[in-house]
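Some structures to go through are shown next.
Each of the next two complexes has chain A plus one other chain: chain B in the first, chain C in the second.
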Partner chain A sequence: MQPQIVLTRKGRLFQGFQAFLSSSSKFHHRHQSSDSNEAADFSTNTTDGDEETSLKPVITSRSLQFPVKHTYPRLAWLESMDSLEGKKLGMLDLHPDVFAVYPRIDVLHQNIHWQKMYRHIDYNFEKSRAELRGGGRKPWPQKGMGKARHGSIRSPLWIRGAKAHGPRGPTSYFYMLPRSVRGLGLRIALSCKYAQNDLAVVESLDIPSSDPEFMAEMADVRFWGYSVLFVDDTDVMPDNIAVSVNGNEGFSLMPSYGLNVYSILKHETLVLTVAALEKIERKLLEEMHSTEKEKKFVNTLRPEDFRTRPKEDERMYRKWSQPLYF
Partner chain B sequence: MSSKVTERALNLIKSMPRVALNNIKPLPHTAFKKKTDRRGDRKKKGRGDKGQGARGTWDPLGYEGGQNPLIDTSPRERYYAQYAVRRQYPPVTLLELQRLIDLNRVNTSRPVDITSICNTGLFNFDISKNHFGVNLTDEGCDQFVAKINAEVQWTSELVIAAIEKNGGTITTRYYDPSCLAALYDPLAFFKKGQPIPKCKLPPQDALLYYSDPNSRGYLADPEKILEAREKLAQKYGYKLPDLEGDPVKEMLLMRKDPLQIFYGLEPGWIVNLRDKCVLKPKDEDYLKYYHSAH
Partner chain C sequence: MGNTSVLRSLLIVYMCRHLGWDGDTCKQDRRTEAEALLIKNNGVKCLGSPACYSTKSHDENVDLVTYKKDVRPEGGDRTFDAYTPSPFRMPGPKRYGYAIKYKTDGLLPRDGKPVRSLPPYSPENKWDSKHALFGQNDYIDILGDGDIHPADLLTGPRWLIAFKGNERERLMRKMEWEGPRLKLMYPSEYNRMQKRIRYLTKLYNHKRKSRWAD
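So, the complex of A and B:
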């Protein structure tokens, strides 16, 4: 058992270096491998996610789009998936605007609520007093019976009568959350995962065995938890990972375009490939910095929504009240 | 600083339970309001008995029972009487323009006109609010160092001097509202499949401004504009750069025809985005219409 390195943050000096040290201590208590305690080589490579050239982990610098000066880029280990424990192949820079945003839980709630409700349709339908069978005739005369006055046996007052304001037919709860809020939600979810040590970046999803137990043991050894979400760049996955994830309940495989707040928070650990990380970061930063005016979605029907035939162009056939002179 | 707060928050959640679906809550008071108690909303609806209150026959606001009301004691000052009729030119400063160029939001190797500014997405021009184009103002004239071929709708002498000092050119140009609709959002206009409109001449009160070489109007005599350039250089004390030996001379001298609204596209043409082609009229009457100012 190697002694744990305890680091205290003494101030805002050498933020980048402190960040590196603190992040290394985060990952240290999980792994018992000898590599993590050795002094890291500070040689910087321009290529990201390079294969290991030496036994020591090499810090690879990733060039970040839209760099910020008010805060420092976060660091994450680049791990390999070729063995149970895996090797640390390097260290990647993560953009702070994607992985270090203020953790707004209410924005996460908005996203999750939207994800649940935009596809929800309520199929409940209650017949009105006009639609219920019977109830057209006055049950007894107005006066003289000593009974209460009624006009129909299907009025809401009656047993087996209609519901006055019941649910009326399929109701859609579709609405669109603004694109900026959806992008922010993803960034917050990723930031929470990074801050709480639930983010892992791997080289690729090529694993040596397709046995689901191998995958379960790998997650156990790496302390990835009960549920893991693997995200890759493309939607065509290697055979081994597809079979092993299929055999494990709680493990999910997803292309980068399927990334959503609900799935990120549902799974305990998020495992990204380098290619997926690049794509996600680029898209989220582009959305954040785009000046395109988003059309506000208004959840009401207009006459145009009921038109089935295209509107005919009648400009040439307009009738004139008086003859035209040229 | 926002990053201090963010760092504290991110450090805080390190020691907290995992952010998951079971511990996400909305902000207070964002959930739907409870249904109000409607028991008291029957019969009189909270309006009381009879009278103006129940019948909604209140006197007009300010009515003083027949006495001359306060609002009528002093005469009217019609400050905003013609506001709906007057043309407006929302300002864009030279400093903002320089910043756009520095951040590569505007391409200076092509002429910079109202469409280039609208395509940045940072400015909102609205025809319904009588926005007849952009007014380039002189704030930041000392920091302006770009060499551009600018086409704006209104400007001042100092702005012209600032631009020409750096070797660029500026023209003031009028567009009528139907042309502005196409210029503010060209993509939306091309999707309509309508022919490009021809630009009308300016109204009478603007004709003088756009024919004046001192304001570099598009209807002014080009020779008089050259004279005015030299006079301005003498007035503000800078040496007028020579355009003859300039590598981008062709770009700087690009000017639209008075009827033309897009560079490279003539009025009457239809841009088909779907089939990626341009449809041009062949009929003589159409050509006569689109090539004449009347």
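So, the complex of A and C:
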């Protein structure tokens, strides 16, 4: 089922959107869902030309997959990126299983440690005493010299000798964290961002100017932190945002499939577009509710997989000077 | 002026000429104005105060007191060269004493060699594109279409990508992947790997007890 998002802009938009009671919400005492198809009370049809004074709320309804009864959906403003301060276009529901998960710091730590280590290769290498040049002969006789007994000048005891248990060659620290733990890590990171007011949902990443200073001022006015991570649905971004982000240190741009716990925690503010929010929520909920047994990662790479030039036939054929007749 | 004052003035003149008094710098309280004029007119140096010390040695008259020299000799072979020679010392070499052989002052000699020092500290920029986007696409199997696994995106030595093992396993895998090429092009490295595999096999299987000891 497709969650509906209806964005209507009629004249001047209503700045302070008020959610009102809906009869189905028994547990929602503190606030109400933004499922507001009953906005008829507020809206007034502007048949007259006086559009400046009439206030029309933007109706945004968002139905959640895998709804949950033990807690309520969280709310977030939907902002626009067309001006410095921006306008509030509506309010969106956020799934509590993605944006209201208990903040488990140990799971976050596991995820970040995995991200750091699974790609790490240590290239340090120390030769052993057998590999060092020299050191085959006994330097002096065992007895009678008045010196300590030694068998080789490259033993670890000697200067310029070998390291007994030094780093040995390129070492890899690859391992895979279970899919469920990684999904949980993402959900916890998003929950932490939402809880600490560092999450902003934006209509799209179309900004009016490609000047990096405009973007910096926008972030300043909206109290977005020193570092901002912009996440869009696809990897094709508008020109203006690409140039602005490139010109500002601390601003990063990512498609939704590139999101990860390390980047979420590195950047102070996370700015998602609605499409990206939809996609991320759907994927994370699918992962959470999938009943497939997780397959263990098995490395099936072979040297042939890295072949770049086509395989030539190197069999040695015998050349005959005359045709064969039998 | 009486007889005593005349004698005194004569004495002053004698002292000025032979022992070097300088009327301007002398700080004798009892001297009269006439005496000061005498000293000044004679234009000789005064030995009464430390400011009048000079390195000129008066060979005719040997000083009975040793004075510290203004300018210390640069050679510095003997510590006692900073003082005027004492008449009570016996000349000749000595079998005691200590000669400082190192420089105690002045600029260090470089002899054209550059000064070796640590390279200037330049901290890494934690917000360049490599650091700012670290970890991107690590969750692509969850957040993407599901056809790419993050291990497919790893870079490094081909036999080490998405593989973890102890030294022996890594060497054996490298031998599988690179063995024929190494045997042809790098025979020393091939030999080293062969010997190391053999040694580690014996070590792990016959000498080590713990499974995780590497």
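Assorted remarks:
We adopt the following convention: the second predicted complex is superposed on the first by the 236 of 326 C-alpha atoms of A that agree within 3 Å, B and C clash if a C-alpha of one lies under 4 Å from a C-alpha of the other, contacts with A are read in each partner's own complex, and residues count from 1 in each chain.
Everything below uses one rule, namely that a contact is a pair of C-beta atoms (placed from the backbone, for glycine too) under 8 Å apart; a residue touches a chain by one contact, two chains touch by 3 or more.
Nothing here was measured: the structure is a model prediction, and the numbers come from that model.
Residue contacts after overlaying the shared chain place A:C192 against chain B, while chain C stays out of touching range. Residue contacts after overlaying the shared chain place A:V221 against neither chain B nor chain C. In the superposition on chain A, contact of A:K293 is made with chain B only, not with chain C. When the two complexes are overlaid on their common chain A, residue A:L64 makes contact with neither chain B nor chain C. Residue contacts after overlaying the shared chain place A:M237 against neither chain B nor chain C. Of the two partner chains, chain C is the only one touched by A:E249; chain B is not.
Using the contact criterion defined above for the overlaid structures, shared-chain residue A:I105 touches chain B, although it does not reach chain C. Looking at the superposition, the partner that touches the larger set of chain A residues, chain B or chain C, turns out to be C. Touch criterion met: A:E268 reaches chain B, while chain C stays clear of it.
Residues 262, 266 of chain A lie at the contact with chain B in one complex and at the contact with chain C in the other. Of all residues in chain B, those touching chain A in their complex are 1-3, 5-7, 9-11, 13-14, 16, 18-21, 24-27, 30, 105, 120-122. Across the interface of their complex, chain C is touched by residues 115, 118-119, 121, 128, 130-131, 168-176, 179, 182-183, 186, 227, 249-250, 252, 254, 256-263, 266, 279-280, 283-284, 287, 297, 299, 301, 303, 306 of chain A. Residue ranges on chain C touching chain A, taken from their complex, read 127, 132-145, 149-151, 154-158, 160-164, 167, 170-171, 176-177, 192, 195-196, 199.
Interface of chain A with chain B (complex): residues 70-71, 100-103, 105-106, 108-110, 112-113, 189, 191-192, 195-198, 262, 265-266, 268, 290-293.
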